[in-house]
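Heads up, the next two complexes both have subunit A, just with different partners, subunit B and then subunit C.
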Partner chain A sequence: MLKLGWKRSKLIWPYIFLLPFFLLFAVFIAWPIAYSFYLSLFEKVGLGKGTYIGFQNYLKLLKDPVFRISLKNTLWYVIGTLLFQIPLALFLAIIVNSPMIKMKSFLRGIFFLPVITSGVAISIIFSILLDYRYGLLNMIMEKIGLNPINWLQDMKVVMNSIIMIGIWRYAGQNMVYFLAGLQGISEELYEAAKVDGANKWQLFRHITLPSLTPTIVFVIIMHMIGAFQVFDVPFLITGGGPANASTTINIYLYRNAFTFFNMGYGSAIAYALVCIILTISIIQLKIFGVFRGE
Partner chain B sequence: MLNIFKVSLIYVGIIFLVLVFLTPFLWMGITAFKPEGEIFSKTFMPSYFTISNFYRLFSLVPFFRYYINSLIITVPLLTMSLFFSSMAGFAFAGYDFPLKSLFFTLSLSTIMIPFYVLLIPRFILIVHLKLVDSYLALILPSLISPMGVFFVRQYIIQSVPLELLDSARIDGCSEFKIFWQIILPLIKPALSALAIFTFIGAWNDFLWPFIVIKTQWKFTLPLGLQNLYGTYGLEYGPVMAGTFLVVVPIVILYILLQREFIHGLTLGAIKG
Partner chain C sequence: MKVWRVLLVVILLMSLVLTMSSSLLAEQITLTVTDWSATREKYFKDLIPKFEALNPDIKINYIRKPGGQYHDELQTAFVAGVGIPDLPMVEISSMGKFMKGKETPFLDLTDWIKTYRPKLIESRLNHWSYFGKVWAVPQDIHPSVLIYRRDFFAEAGFSSDPSQVEKLLETWEKFVIVGQKLTKDINGDGKIDRYMIFLEPWMQYWLMILQQRSGMFDRAGKVILDDRVNIDTLRFVVDLLNKYKIAALYPSGAAFYSAVDDGNVVTVMGAEWHIGYVKQYTPKTAGKWGAIPLPAWPTTKIRTGTQGGSAMTITKACKHPEAAKRFIEFVFLSKDNIKTRWSSTYQLPPLRDALTLPDIVNVPDPYFGGQKFGALIAKLARQIPTYYMSPYWPEALDAAQNEIRLAIEGQKTPEQALKDAANKVRGVIK
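== the complex of A and B ==
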């Protein structure tokens, strides 16, 4: 009797708790997602009323040479950072997790520092560090007898410099995920293998790697979702140049929407990005299929 | 013999990595305190350290004001967002009600959506609300975080015994009182991790303020720093001094709250 009366009068409470969240959610998340798609169907410049053009913006996108370049640059960034950063992050995690290493939390802090540093600060530091004439990196290269490289203004090099910064910036983040994964592996597995005479490499190959597979898949997916959205570092350091050599999808989106005020076309670019990210995430989940039951 | 060789090789490797990660910061710090005449000299260490770059910085831009602006935005954003996230997270974890799974799926499914999709509609909205160039434009859209709701819900399900709430109810506790006096204290660890995560995001945010804030007096730190570099980019000394002042508070905070940081940034995993 008590319980029944309680239920009826309290049924309203969960809705009250949800109300502020969902009001703002509707206005600042749900509506924008829908409206962005709606906008992408319009030829719309500035804030005025645009004309409905169906999927024309998307067709235009397929033929747009700058969009193609930005897509190529972004893919190059995603793959480049992936290939170098994931092994590096795993290596850092193993170092920081190793019982033989001293000053672990200090090391962890060092590797983690770029993750929590403002993208603007990072961009400024690196644009000075990589400066052709006065930059520290070229200074060091000259000292050891190498030719200086025009890191930020050479069309062939600039995207690689951006990738280098990306690796440096986010390795620590993935290190933290790997660290959590490593700490989840049972000591007993290693002990048992050691009794059987396994060496360090065999331990890594047959125990660490297989146990880490779910973490690795997770890190790869999260990394790709993040990397496809690369924006602030290339935007602030090169503005996408020289000659679009470091223009990424999001830089092109920004330029269309907030420099040319072409909101319709900008929205189409945004939706293209959503499609790419969703497709790749789904493919990866299908291929690996490791999240079942987790 | 071989072992000593191996160990020293590992240490050399680690020192190399530490240098790679630390050098950009060290170089920024050193340049910030370099005398003006030595900025472009090709030496790492200056002949003496000076704070003249900081004087120059404060004479060029209202840098202190940027700090205040960042605080004006971050503090309400942080408290409100934690409050909303914990209320909604509690609703999902502690109750059964019609349409619960619909609401939950709706909010969870937006976590994977890239932020850049929201940019244009949000900007149009802010223009129509006549909020361009206001602090409110920076605070309002960031008040909620589906990730935060999800995180609080998981934490409550995993570590709060809900029978506890029933006995409180029998004692005549109101539902809001249960939330305020029982749930909130119990989920403190989750909230501190969430607070760090939210704080870092808000403190470092660049693009959204860059789009909606126009007046220099209202610039947040990243915006002010970008403006400083854009305007006085060739004056490496004051620029590095400004960068130093943006990076250092976060470093201090990290040293004080390491565990929460690592935990909080692991959340970011799911946000991407």
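== the complex of A and C ==
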């Protein structure tokens, strides 16, 4: 009897040590997530009890022209950053990983610096750099004979400016992932291929890329999840303007929940974003064959 | 001896208990005041000790929070029911959202403020009224003016004296005519370098419709964004930019002040708080400016407006509303503290006594070449028209700003833009 009691009490201890995490998770993550879904089923404007309306908020979203604009802007941001940032990150990783490059740690640090720089600082700097009259970028363009561009106030251009900032900001993070992937590829594979007469491009195409596939899948999925949630830089630089031209889904969510104090509709926007990210992630995983058996 | 020692300890303990009880019995009221403004912090820190000395039963806990998140935090506190301050300052464009829903978090001050109405500029109380009741005590009135570069006027052969320029720019029609002479390509590269005015564009558009006694809502809360006056005014704003080409859109952020410093604009139009920022961030141009009332519209001849503003509220969570009212009365409704508030913020309090205070109206301002700027805004404060607020003010402002921009870009006509904005807001109002 004594032995059984001792065993049972020994089994309990891991759960006791895990309990603080689960308590904090329940209070600060699980409960807000569940309550937000509950709120999305209500018309809850201002203070006081809301009115239960079922999925009316979601139906309203489908007809909301500003939500459609924000979805279009967000998709444009996701695709734009994906197409340029991933190849750039891979390129930087290959450079940093090259045996010819000295000061690898320094370069890694420099490329990673934008990732750890606060969004507020980035927004202030780029507001000045991209200013139409006084920005450095337009000054350089004028010096080389190009016309200045209204990077932040031209409705046709502003989202591309936000994409540019996004590429610069997160390329370093993806570079680190690719670097880890590159360093995991066995040198013997390269040596064997060189013996067979493979050139640099063939080494990259037939050894590096296939070996990096799991890393590429991971980077693309993580990138898309993060990119869909873009908020701080467009919010601080343009406020989502001009005329919603740089309004993303998260900016629209914030506007409804906090500027208009419409918590029900804001929660519905949040869940719509969750569904979009989940759907796209599942499609990606299927395309990349992650669900296929070995 | 042992008995005496025990007796002494007992007496000491009893007196300690009695002292503690008596201090508990003499109730000390603590009121939490929250704000975001660094300039107001100066006068709060000056006035709070004076208030506490006159009211020893009240302690003020003043907290200044970062401006960007201030109203979000206040909203979160109201929703959570925890951490609600007693006396929060609220910004005018954020007030509407707190007036939505089945409950308001603020006390109705209508009956209490009646006593003070004769002291206040009446129209200002309307700007803080919802459903016919007053919910906040304003700290400012923000009369709006047009400041102009005296040197550019002189260069073009015009008088630069404010009394003459006031006549020269008496109407918006005259503003366009003069503007066409003052807007120029300075360096001969074929591009305009100096505009008559920068347009934000909501800021100036709002002042123009207010001059014509219009707004976004009428007294009954009906949306009037697409009224004829507003449509015609938007057409005028679009023409300033695209037809007369005497205006350009505001450079954003710090670039605006650089452009003003570099002489890229002849006039700046805005409320006195906006002009205050121009003063602060363009010291190079000190002494080169004059200030006049806004050009008028033929229908109303009103030469000013108002924009922005902050006020103090009392929340329903406040356990001592009478004490809270004493604090508001001391800081915002007392003639004695006008000078302190003015010297911290250079924002005109909405008190009639402020309009004749020598420290405001008799002081030459070197930034305006010695002109008495305070006298001008005090004169204009009396003319500020009323306008009507709505709990849907944030939605209306958002819709109006976006649609106005589309009209400026030529993607919609002014009429279509404002009809779309108005219909959007009507669709939201319950």
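The rule we apply is simple: the second predicted complex is superposed on the first by the 282 of 294 C-alpha atoms of A that agree within 3 Å, B and C clash if a C-alpha of one lies under 4 Å from a C-alpha of the other, contacts with A are read in each partner's own complex, and residues count from 1 in each chain.
In this section, a residue touches a chain if its C-beta (ideal position, glycine included) is under 8 Å from a C-beta of that chain, and two chains touch if they have at least 3 such contacts.
None of the values given here were measured: they were computed from a predicted structure.
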| item | value |
| --- | --- |
| Combined model on subunit A: subunit C and subunit B, fit or clash | clash |
| Touching partner for A:46 - first (subunit B), second (subunit C), both, neither | second |
| Touched partner set for A:282, first subunit B, second subunit C, both or neither | neither |
| Partner chain(s) touched by A:15 [first = subunit B, second = subunit C, both, neither] | first |
| Partner chain in contact with A:132 - subunit B first, subunit C second, else both or neither | second |
| Subunit B versus subunit C as contact partner of A:155, first or second or both or neither | second |
| Larger contact residue set on subunit A - subunit B or subunit C | B |
| Contacts of A:242 with subunit B and subunit C, given as first, second, both or neither | second |
| Touched partner set for A:259, first subunit B, second subunit C, both or neither | second |
| Shared subunit A contacts, counted only where both subunit B and subunit C touch the same residue | 47, 127-128, 134, 258, 263 |
| Parts of subunit C lying in touch with subunit A, wherever the complex brings them together | 71-72, 75, 78-79, 97-105, 249, 251-255, 258-259, 264, 391, 394-395, 398, 401-403, 405-406, 409, 430 |
| Touch list for subunit B against partner subunit A, complex | 14, 17-18, 20-25, 27-28, 31, 40, 42, 44, 84-85, 87-88, 90-92, 94-95, 97, 100, 103, 106-107, 110, 112-125, 127, 140-141, 143-144, 146, 149, 169-170, 175-176, 179, 200, 203-204, 206-207, 211, 221-223, 225-226, 229, 236, 239-240, 243, 246-247, 250-251, 254-255, 258, 261-262, 265-266, 268-270, 272 |
| Subunit A residues within the subunit C interface of the complex | 44-49, 127-128, 131-134, 152-153, 155, 241-244, 255, 258-261, 263 |
| Of subunit A, residues touching subunit B in the complex | 2, 6, 10-11, 13-15, 17-18, 20-22, 24-25, 27-33, 35-36, 39, 47, 92, 95, 101, 105, 107-122, 124-129, 134, 136, 139, 168, 172-173, 176-177, 180, 218, 222, 225-226, 228-229, 231-232, 236, 250, 253-254, 257-258, 263, 266-267, 270-271, 273-274, 277-278, 281 |
